[in-house]
Each structure stands twice: as structure tokens, then as C-alpha cells.
Amino acid sequence: MLSLLIFLPLIAALFILVLPSRFQQHFKYITLGVSVIQFVLSLFIYLKFNSFAFAAGINKESQYQLLEKLPWIRLNLGNIGNLEIDYFLGIDGLSMPFLILSALVTFVATLASWEIKTKLKAYFSLFLLLNTAVIGVFCALDFFLFYIFYELMLLPLYFLIGIWGGIRREYAAIKFFLYTLFGSVFMLLVIIGLYFSVINPATGNHTFNMILMMDPANYADGSIFSAIAAKNLFGISARLLAFIVLFVAFAIKVPIVPLHTWLPDAHVEAPTPVSIILAGLLLKVGGYGIIRVCYSIFPDSAMLSAWWIGLIGVISIIYGALNALAQTDLKRLIAYSSVSHMGFVLLGIASSTIEGVSGAMLQMISHGGLSAMLFFLVGMIYERVKDREIANFSGLAEIMPQFTAFVIVAFFASLGLPGFSAFMAEAFTLIGAFTSEQVNGLIPRWMSVVASIGILLSATYFLWTLQRMFFGQPRLKGAADWLSKLSDINAREKLALIPLVALALALGIFPSLLFDKMNASVVAFVQLISGS
Amino acid sequence: MIPLSHFLIISACLFCIGLYAVLTKKNAIQILIGIEFMINAAVLNFVAFGKFDKVNGGGQLFALFAIVLAAAGVAVALAIILNVYKHFKTIDPSKINKLKD
Amino acid sequence: MQEIEFSEFVGLISLLVILLPLFSFLLILAGRKGRGANLALINISISFILSVYLFFFIWNKQPIHYQIPWFLIGDIEFKAGVLLNNLSVLMITLVSGISVLVHIYSRTYMKDDLNIHRYWAYLGLFCFSMLGLVISDNLLLIYLFWELVGFSSFLLIGFWYTRPIASQAAKKAFIMNRIGDIGFLIGIIIIFSQFRTLDITALFGDMGLVKTSLVDKGLWISASRQMPEVWLSIAGLAFFIGAMAKSAQFPLHTWLPDAMEGPTSVSSLIHAATMVAAGVFLIARVYPVFDPFVLNTMVCIGAFTAFMAATIALSQNDIKRILAYSTISQLGFMVMALGIGAYSESIFHLATHAFFKCLLFLAAGSVIHQLHHYRDEHSLDFDNQDIRIMGGLKKGMPITFIGMCLASSALIGLPLSSGYLSKDAILINAFEWAGSRDGIYTMIPYIMVITSWLTVFYISRLVFKVFFSTPKRMSMEQANQIQDAPKQMSYVLVILSFFCLFFAFSFNPFSFESSWLWDGFSSNLFQKVNLYHWLIPLILNIGTAVLIFTAYKIYVKNDGMSISEKNIFHRFFIQEWYLNELYRYLFTVPVEKFSNVCYWFDRNIIDALVLKSVTLISILSAISHWCDRILVDGFVNALGTCAKWIGHFSRNFQTGKLQHYLISMLLVVLSFFILTYFI
Amino acid sequence: MNTEQLIFYFFAALLLTSALMVVAMQNLVRSIFLFFVALFSLAALYVFALADFIAITQVVIYVGGVLVLMLFAFMLSNKELLNSLHPIKTSFKFYQLTGIFICLAFLFILVSLNLQIDFSGLNWIKSSTNIKEIDNTTHNIGILSMTRYLLPFEVLSVFLMMALIGAAHLARKDKKT
């Protein structure tokens, strides 16, 4: 099932590659078909998903669902032992929601790809490859496999930004690539270190199995990352160092201040569908990685650094919001707002409370949908008049009333209007962060209070934009020419936006849709990291 | 009695003269003449050796065949030259370089 | 068993009450342009009828609390439900009732607008969220509706979004409210982390968690958790900030006057009668959480707001702005009343105020409407909201005039009016409260008395200027020609006028204690001091009479002292205490500047650092590249070049010339010969 | 040196001189006539090799067939061909040098090989000296061509016919184009 979900796009990509170019007008329909099938499959998985406590997952292999475990690489390395890499997939409550999100965001991004006119064959095959990689990351339970998918995401993105992007696309693509590579190279070191530390009790070999890495008992005596041996590297605890390295690798993706500067450039220069995927899925890979890898494998180090992570979260929230306030480019504004919103994820995870982690998860899903929607909307303006400067527009509500309605929904949803998912997410993140001091004493209460200012600031920049661009008398920089180009939203765009609105509304009004499915996993996760 | 080697040397000279014409001439007809010289040199060799094969007469007969073949070749070659001229408006082989890639 | 079924039934009815306006919102938005008036009116009327039905079910009887599970997080189950007690049924009846009236009124008032369907839809959304707000049983739900109220208010203020001022005002209103929302949210967070539930009955009921929690040795202890005492005060303050923003209390009040950019009917419904009361409602709901410190703060802020708003109202010239400040001032009364513990008086005043302020606005609306039409018909040019140019409308608009007078008398608190009952009750309670305090708190009731006299003066000024004085820009005859508003609007005024009189609330015009409404919340906190009960109304009314007479002298007869426009106080008041400018320079500009600094920092420090390190690496890589190119690659390249050169050389043989091929061939044959025979 | 040798070397010299002049001549018409001379002298040399019938055939076919064909070929063809055949004054070029070099090299090889090999030592040449000379070569050729060499003879005739048809096809004026 999961393999099908992962490799379906890959098959489609190969199919597109072998089709002659004269069918290139049909590639988008193939891609769309794949994403619809994926969405249906993921919905099916969602409905069949077992949400009871005995299927919580996290650190017990037997509790994962839809497990697929095949020996993949077995090499006898002589006196180092056997190399043991598995093709190991499975989902629990923390990864299942991302499958739906991936399918949905891909669907929307495919609809946004209608505007891509050049090199369609390459575009759609890269696009589908990216899709494969993203879903693979969310399903992989073998660290080696995880890393392969993680790196596989980079390649198509680099080309998608670098070839189909805006004016400074090469700069943005390279910046993005270097940033992410910087993180993942060090991650590889940690992976190898972990490999040599962890022993599969069943076979006695070293293993890449992530679930086995979560159990301190599986660490070899005196190995570098063994919790009992407590070895030091460069003067600090090896486990802490490994945690920090992994955290930085994922946090670049999230992103955190001060490692966020790739994000505005990459988002702004990327073509609309890629922005959608970047904001909707890539950032979530970072958050997911922190939960699945950093926290689960190094809970002790995570507890030690919780204060700092919380602080980074708060700084990201405020700093991102302030930066967004200063923007004159609409897309850049939304990019910075992503920094701000993803700060909540960090804060929620750092709190290590059930509310906080649930809030962070919901925030990721919610932001996935909403940022996709925002970037889609910006893309619509951009592709009509090739301009995104806020100051060049005014009174769009008169010209494009339906479009404005969607913009209002998107803006208010992301500024946390209750009834939309972002509110629930942010509220529970803040609750979790606030409760943390009572429950586990990790994060001081003031962080939660300061973070709530971010909500106010997000209202400020979104409303200010709304007032400047959409309200007032119609006044455009391009005058009559633009007026004729700025047609209102069409059926395809509606088709893309309505599922996102529905997602935001559904999760905002019935958060149980998500909370019920992942509650057991969240509880198990919190138990794992708090060591009880 | 003329020694055999004299015939052969004459034929070698004739062959080289024909070869020179083939290699350097800028006119297809002259090249054709060069080829004729070379054929005739060969025929001369046939005939010279045929002197020692009276019974079977191989040398003479093949000389005869060669002469006939050469005549036929000339006819075809001239026809080709005419066509080449029609097509390229020249019969200078150095200007006909369609064989180049 | 039967009881459960009954509460389920009531729960469903109340659900219907709040969902009907939502349906009209959705249907009208989905429907055609310019339609929806009837649908909206029918829906809200059914809502109103159902809520009246509920009112008689619940009032002074057992409260009904009906819940369904909402979602589960960890081991805490969140429930959504309705809580119907005296307060909430009063509020839903009030809200839906006034909504019905405003709907009727708007049918005429907004008739000419092209985007009228949006208006009806937004009104539906507002009614939905306001009704939801008052019956929710759960702080999270209340918060949800609380912000939705703000959102619909945003939409309605910005209804004429093409006007820059309107969209500016809408934005300001939402952001100001957001500040309050943040406070509310923090309050919720504190309560939740302390008590692990957000259910109102469980928290704030008679033996609720809040009341049973202790403050001991600097710690605030609940059944399961504890936190430092200061968080109790912070929670109280946070909730109060939430209420402050919504109920337009100083310093978060500046959005309300600006909100008058919306249609007048909206101002009357949202910014006078219902939404602004939500803050007071919230305070009433979470009342047990306030500790004395917060209550005292509340008193001071309420009193100050009341006073300040009254002074500003004195100087304003825009008819709607005067009423807006009057609303702020009255809300200050209510907040102060809550602060001193006069819970029932405050709610009582909320109810009476809702009617008379609504009437004031609607009457003002009909004046504006008629002047607007008159101006357009006669192609005159004047600001139809400026009271300085109005005058002499008494004759042509008797219904409006009488309505306005009745509402004003209720606002002033003249005997026989509803305001007399509620406002004087607050003042009496204030005196009783101050009796047990010392220091600055003894000043509070006197400030309130002064405020109430200021109220008398500004509202008399308004009435006299609009209806009695000689009009500018047009003659008296012209002014007399202006007729009452169309019937539908006038009927609404008449109905509302009825609610400005005492008998709608009490059979005894002089005693608020006999009011049924007050009775519903009776919580007698203070030692009853009989002296106050007749002395205070007497003094107040004597002052009132004097002031009305003075105002008459000044504004109608144009004699007596005249107020100089250059007076420093006047300037101060008319500029609204320079608060907008203050906020601008204190908050807006610095935040903007700071955000630019942040962006600069982001570009030039953080990003530059990254780029610098990249440059460094690229220099290193350039060096290694040089080595690579010259040493390693050089060798390979030499081979390559060689091969290429050979390739080019042999390419020369490929001339396409027959003879050249022949030459090459012969050379080869030759070399074979030579190799075979000579070497 | 007897008369036979004298005549033989005269004809050999005539052949080589005329052949050289044929290739050295720029004028095509003249070189064709010189070619005629060369062929005649070659026929004379055949006689010395006891091949009188070949000599006659040489004269008949070459002089009567080939040369006439050549002359007719460019005389019957259009005017431009003739114009373009006007001698072009060319300087001594690199390719001519190459050609001379190759020719001389071949000559050198052939001659030196000729000198190295002892023909008279070959068996079949030795044995042939014992066989009596047959005078009637024509008769002998006629019989041989119908008996021993019948197959090559027939193949040749078919080939000849094909060549003639081909030549005629190539040389005809294509009316369709």
C-alpha cells in the first residue's frame, strides 16, 4: 500500500519520460490523475487507520501500521559485521496526516502547474519524482532509506527552481541547495555514527532501523552514542552534539531564525507550484524530522535543549512576523509569514506536552494547506500581470470579487481566525507551551505569552495587505492593460482552492478529525521523550 | 627475341603514366584516358606473358576480354561524365566533393 | 431520562437559533447579487421567536446545559455545548430582537446599495456569531465566536471598502480587537493549564473550580495544579483586556468611533447594542476569576473611560461620533459597575442601554438618510452627518424627534425612563461601594456623577442642535420640508421607543429593585444605604434640569455663554485627547520602523553572513579549483587536446575529392609495398 | 641489335613519348589524338609478343570504337562542355608533385621488382620454350573461346550488353525532367 503510494508517481514519471513529446499537453492530466489516485489512496488509509493505543507506533515496531519490511542491502563487511539496510516502511499517527497533506498539496500544485508552458516533459517528471521523495520521507522507518528519500527531494527541487523559476532563479536554487546540503551532510555523519552504535538484537548486526535506535538498550556497550557510556566529543556530550547536528539539519528545512534566509529567496523565485510544494510539504519534512528523528532518538538531549528550542521558536514567530510586516512583495510577505507560523511548530514540540505536540502537528497540517492556498493565490495574480508588488495594486476587490473572497478566507484563516485550523493549532501550541512549566518544567511561561504577540502581528500584516491591495478604489500600476488581464478566478483555480478551504474549515471546526487519529501516537511520543 | 622484362618495364612505365593522369588531371575525360592507359598496361602484360602460353592461349584471350571490357567501361564512363556535367555543370572531379561530410 | 431529552430538545432549539442566521449568510453569499433581504429577515425572525420561547422556558428556572463531545487531546475531552441560564437567554433575546428590528430598518435604509446581498450575508454572520457567543458553554467556543464577531464587524465596517477611510477603520477595529483577543487567549491558556478544562459551568459555577481554588503563600492552587499567584491576576487582567477591546474601554477604545464609517444600521446593531456589550458579557461570565486587584483596575478604567468619552462627546460635531463616544461612556459605566461588584445592575444597564442606544443610532440614521436624500434631490452640498449645519428638523420629522427625545431621556436617566432605573442603580451602588473604601476610590462615584451630568449636556446639545436650532446652509422652511423617514424605518423607531420607558422593565418607575430583570441576577453585595436611594437620584436630576436648561439657552436661543472653539480643552477634546496620534507615534510607527529594521537586519546581517561564508568557501574552492585545473585537469586536458588535434588532422583527409582519396589509398598501398619488400 | 629489336624499341619509345605527351597536354583534343598514336604503337608492341589477333583487335576496338566514342562524346555534347574544356593555365601544384612522387615510387617498385624476379626461372615459362610455336593464333583463339573459355566468354558478352544498355540509358536525354 505504502509502496504503491510512493512509487506510483515514479512510475508515472517514467511513463511520461517515454511518451513522445507530442503528447506533452496530456502530461498534466497524467500528473493530475496520479495525484487524485494518491489522494484517494491516502483517504482510504486515513479511514482504515487504527487510532487505538495499541496501534500508537512511535517506538514499537509492532504498533506501526501498513508495515513493509524487506531486506534490501545485505553485505558482509568482514570484521565490521554485516551491513543491514532494510526497505522498511510504516506509518503511525504522526506520519499518517502528512500522507493526506502530501496528496492534497500535490493535487493543488498540479493544478497550479497548468501555467507551466516550457519543457513540460522534464517538468512533470521532476515534479512526480519530488512527489515520490516527499511521500517516501514520511513513510520510511529505516534511517538509510529515510536519508535517501530526504536527499532525493533536493534534486528535483533544485531543477524546478533553477529552470522554471523567476529572475534570480539560479541564485535562489543554489542558495536553497547549499543550505539544505549543509544540514544533510552532517546528518549523514550522525547516521553513520548511529549505525555503528546500534545493534539489532534479533540478528546481532548493526542496523539503520530507526525504531531500534529509539531504545537505549539496543546501543552497543561503549559505542559513541550510547546513553550509558555518555561519551564526549569536542568537550560536549556526543549525544547532545548529534542531537544538535540533526536538529540543525531539519531546522534548516523548517526553517528557524537565523537559518531561514534561503526560504524567502527560494519561495519568491520558485514557480507557483513549486512554492506550493515548498511551503506546503518541504517545511513539514523539517518538522516531521524533528519529531520522528531528533526527539525520538535523542530524547535526553532534547530535554536538555528544550529551552533553547523554545526560544528559537519564539524568536522565529516574532521575527518572522516583523519581517513580513516590512515586505513590499506579496510573495515574500507570505514567505516570511511561513517562518513565523512554523515557529509555532517548534514551540509546540519544545514544550513536550500532549497539547503542545498535538498543536504543532495540527499547525503543520494546517499551515501546509493554508500556505499552499496563499501561494496559489499570489501565483494567480502574478501569472496574470507578472507583478506582485503590494503598492502596485489597490481595490482588487472591485475587479476580482471572488478572488478577493478567497484571499480574505486565506488571510483570515492564516491569521488564526477561529473556525479555521490555524487557530486551533496555535491555541493548543500556546496552551502546551504554557502548561509545560507545570508538567515538565521545560519552557518558561513567558515564552507562550510572548509568542501570542505573533498572532497579533500576523493579523497586522495580513490586514494591512488586505487594506492596501484589495480595498479602496481600483488603482493599478498597469492601468487598463492590467484591468483586462485581471480576470476573476476560473473553474480550475476554484477546484484547487476549495479542497484547501474545506481542509482548513474542517480541521478548524472538527479538530477531532485529526486529533482522534493521532492522539494515541502523541501520547506515546510524549511518554517516550519524557522518559516515563 | 624481345626479353619478357622489357615488355614488363614498358608496361610499368605506361601504368605509371596512366596513374599520374588519374591522380592529377582536372578533367574527367583525361582521367578516363589515364585509366585506359592503365588498362592497356595490364593488357600488355597479359600479352607478354601469353607469349609463353601458346597451348591454352590464356594470356591472349584474357587480353582480349580486357580490351572489350575497357571499351565497355569507356562507354559507360562517358555516359556518366555527361550526366555529371549535367548535374554539377563541371567535370572537374576536385570540385565535385559531395562525398565530404 | 426525561430531563436529558428535554435538555437535548432545548439544546437543539438553541442550535437552531444560532444556525439560522448562518444559513442566511451561506445561502445569500451563494445566491444572486442584490437579493437576500427576505431570507435574512425570515431567518432572524424565526431565531427571535425561538429565543423568546427559550427565554420563557429558562428565565428564573433551572439552567440548561447540553453538551456533545468535540475532540479529544491527550486524556482531556473537549466538549461543545450550550449553556442556557438567565444571562444567556436574556442576551439571545436581546440580540435577536434588536437584530430583527435592525433588519427591518435596513431594508429601507440600505435599499439603494448595489451590494446589498453582502450586507445581508454579513449581518447573518454577525447574528450567528453573536448568538453563538452568548450561549456557548465553553471558553474555547466563546473565543471562537468572539473572534467571529470581530470578523463580521470587520466586514461590516469595511462594507463600503472602496472608501479608504472605511477600510482603514475596519482594519483598525480588527487589530484593536485582536489585542483584546490575545488577552482573552492568554486568559484561556492560564485557566486551562490550571484547571485542565474550559467548561464554564465547571469553572465558574457556584462551587466551580475557580471558586474552590486557593491562593496560599504566593501560590495559586487548584485541585490538580498550581502556579504562582501572580498568574491569577494576569489571567484576570488578560480576560479584562479582552473585554476592554471589545467593549471599547480606554486605552483600546479608539476603534469604535472610527467604526462609524460603516452603515448606520450596522453601527446601531453592532457598535451600540450588541457586540460592544460582549465585553461586559464576558466579564460577567468569567466573573469569579477576577481578584480584587483586577476588579479595582476595572473600576478605575471604567470610570476613566466613562469620563473621558463624555468629554470627547461634548466637543464632537459628527452626529454618529457623538453617539459612539456616548456608547463608550456608557460601557465605561457598565464596566465600572462590574468592577464594584454590581453585577446585576451592570447587566440591567446593558439591556436598557442596548435599546436606547440602538434607538439613538437609528434615529440619527433616519436623520442622515433623509438629509442625504434631500441633499441629492436639491443638489445641495453639505456634510449630512455634521450637527452644526442641522437644525429645525423637529417639525418635519416628529416620529424621529420623539424617538430621539425618549432615547435621550433614557440616556440621561430622567425619571420614568428605563435609563433612570439602571443608571441610577449603578450610581447608587457606586456610592455604597465607595463607602467601604478609602483613598482614590472614594472619588469614583463623584467622577461618575460628573460624567453623568456631562452626558446630559452633550446629548442635549445634540438634540437641540439637530431639532431646534436654526439650520445653516438651508433655510428654516427647507428644513421643515424634510419629512420623516419611510414607514418601515419609523415603525422600528416607535417600537424601540417603547423599550426606553420604565414599564418595559419595571412596574415601579422609581425603584430598580422591583425590576424583573434586575431580579433575575439579584446579588445584593452591599449594605443597603437608604439615604443614597433617594438622595442621589434627586441631586442628579436637579443637576440635569439645570444643564438641560443651559444647553437650551446656548444652542437654541444662542445666548448665555458660548463655547470658544479655540479653547484649549475644546481642542483637546475634539482631537479625542490626541490618543490616535499618541498611539500612532507610540506603537504604529515604532513597530513599522522596527519591522523595517528587522528586515534590514535580515538582509544585511543574517543573509550577508551566510553569503560571506559562502564567499569564503567559494574563495577556497577557487583555489582548489585552480590546483585542480592546472595540475590534475591539465594532464587530462592535454590528452584531450591531443586527441582533438589528431581528429582535426585526420579530418583534413576527408575532403570529398575523389583524387585525394585515391592518393591516400595509394600511399597506403605504397607503404605496404615498401614494408613488404624493402624493410 | 637486329631489325626486330630496333623496330620494337622504336615503337616502345613512341608509345611512352606519346603517352607522356597525352598526360602533359592541356588541350584535350590534341591529347586525344596523341592517345590515338599511343594506342597504335601499343598494338605494334603486341605483334612483337606474338599476338597478332590482339593487335588487330586493339586497333579495331580502340581506334575504331573508343576514340571515336570519345570524340563524338564531347563533340555531340553541348557547347558549354567544350568551352569548359579550354585549357586552363595552372601552375605547378602540390598535388601534381604528390602525383609525380607516387607515380615514380610505383615505377621504382615495379621496375625493381621486375629486375629482382627471374622470370626465366619460372617453371611454366621454362616448359613453354620446348613447345612448338603455333602460327595460327586466330584459329587457336577461336577454338579456345568456344571450348575452354566458353563461360567467361558468355559472361563477358552479357556484361557487354549490360554496359551498352547502361551507357545508352545514362546518355539519353531525359524528357521527363
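In this document, chain identifiers A, B, C and D correspond to the written order of the chains, with residue numbering beginning at 1 in each.
To be clear about the criterion, a residue touches a chain if its C-beta (ideal position, glycine included) is under 8 Å from a C-beta of that chain, and two chains touch if they have at least 3 such contacts.
Treat the numbers as computed from the prediction; the structure is a model and nothing was measured.
J.: Which chain is the middle one, judged by CA centres?
T.: Centroid comparison flags A as closest.
J.: Is the number of contacting C-beta pairs greater for C-D or for A-C?
T.: Between the two chain pairs, A-C has more contacting C-beta pairs.
J.: With chain centres defined as C-alpha means, what is the inter-centre distance between subunit A and subunit D in Å?
T.: For subunit A versus subunit D, the centre distance works out to 91 Å.
J.: How big is the gap, in whole Å, between where the Cα atoms of subunit C centre and where those of subunit D centre?
T.: Chain centres of subunit C and subunit D, defined by C-alpha means, are spaced 118 Å apart.
J.: On a C-alpha centroid basis, what's the spacing between subunit A and subunit C, in Å?
T.: For subunit A versus subunit C, the centre distance works out to 35 Å.
J.: Could you work out how far the Cα centre of subunit B sits from that of subunit D, in whole Å?
T.: Taking the average C-alpha coordinate of subunit B and of subunit D, the gap between them is 6 Å.
J.: Give me the residue numbers in subunit D that touch at least two other chains, ranges are fine.
T.: Touching at least two other chains: 95, 98-99, 102, 106.
J.: Give the residues of subunit C touching no fewer than two other chains, as numbers and ranges.
T.: Residue numbers touching two or more other chains: 659, 663, 666.
J.: Indicate the residues of subunit A shared as contacts by at least two other chains.
T.: Counting only residues that touch two or more other chains, subunit A contributes none.
J.: Per the touch rule above, enumerate the chain pairs that touch, sorted by label.
T.: Every pair of chains meeting the touch criterion: A-C, B-C, B-D, C-D.
J.: Can you tell me which positions in subunit D touch subunit C when the two form their complex?
T.: Per the stated touch rule, the residues are 95, 98-99, 102, 105-106, 109, 112-113.
J.: If we count contacts the way the header does, which residues on subunit C are in touch with subunit D in the complex?
T.: Residue list for subunit C touching subunit D: 659-660, 663, 666-667, 670, 673-674, 677.
J.: Hey, which residues of subunit C end up touching subunit B in the complex?
T.: 654-659, 661-663, 666
J.: Sort out for me which residues of subunit B touch subunit C in the complex.
T.: Listed in rising order, the residues of subunit B that touch subunit C are 19, 22-24, 93-94, 96-101.
J.: Using the touch definition from the top, list the residues of subunit C that touch subunit A in their complex.
T.: 69-75, 140, 143-148, 151, 158, 161-164, 166-168, 170-171, 174-175, 178-179, 181-182, 185-186, 188-190, 192-193, 225-227, 231, 591-592, 594-596, 598-599, 602, 606-607, 610, 614
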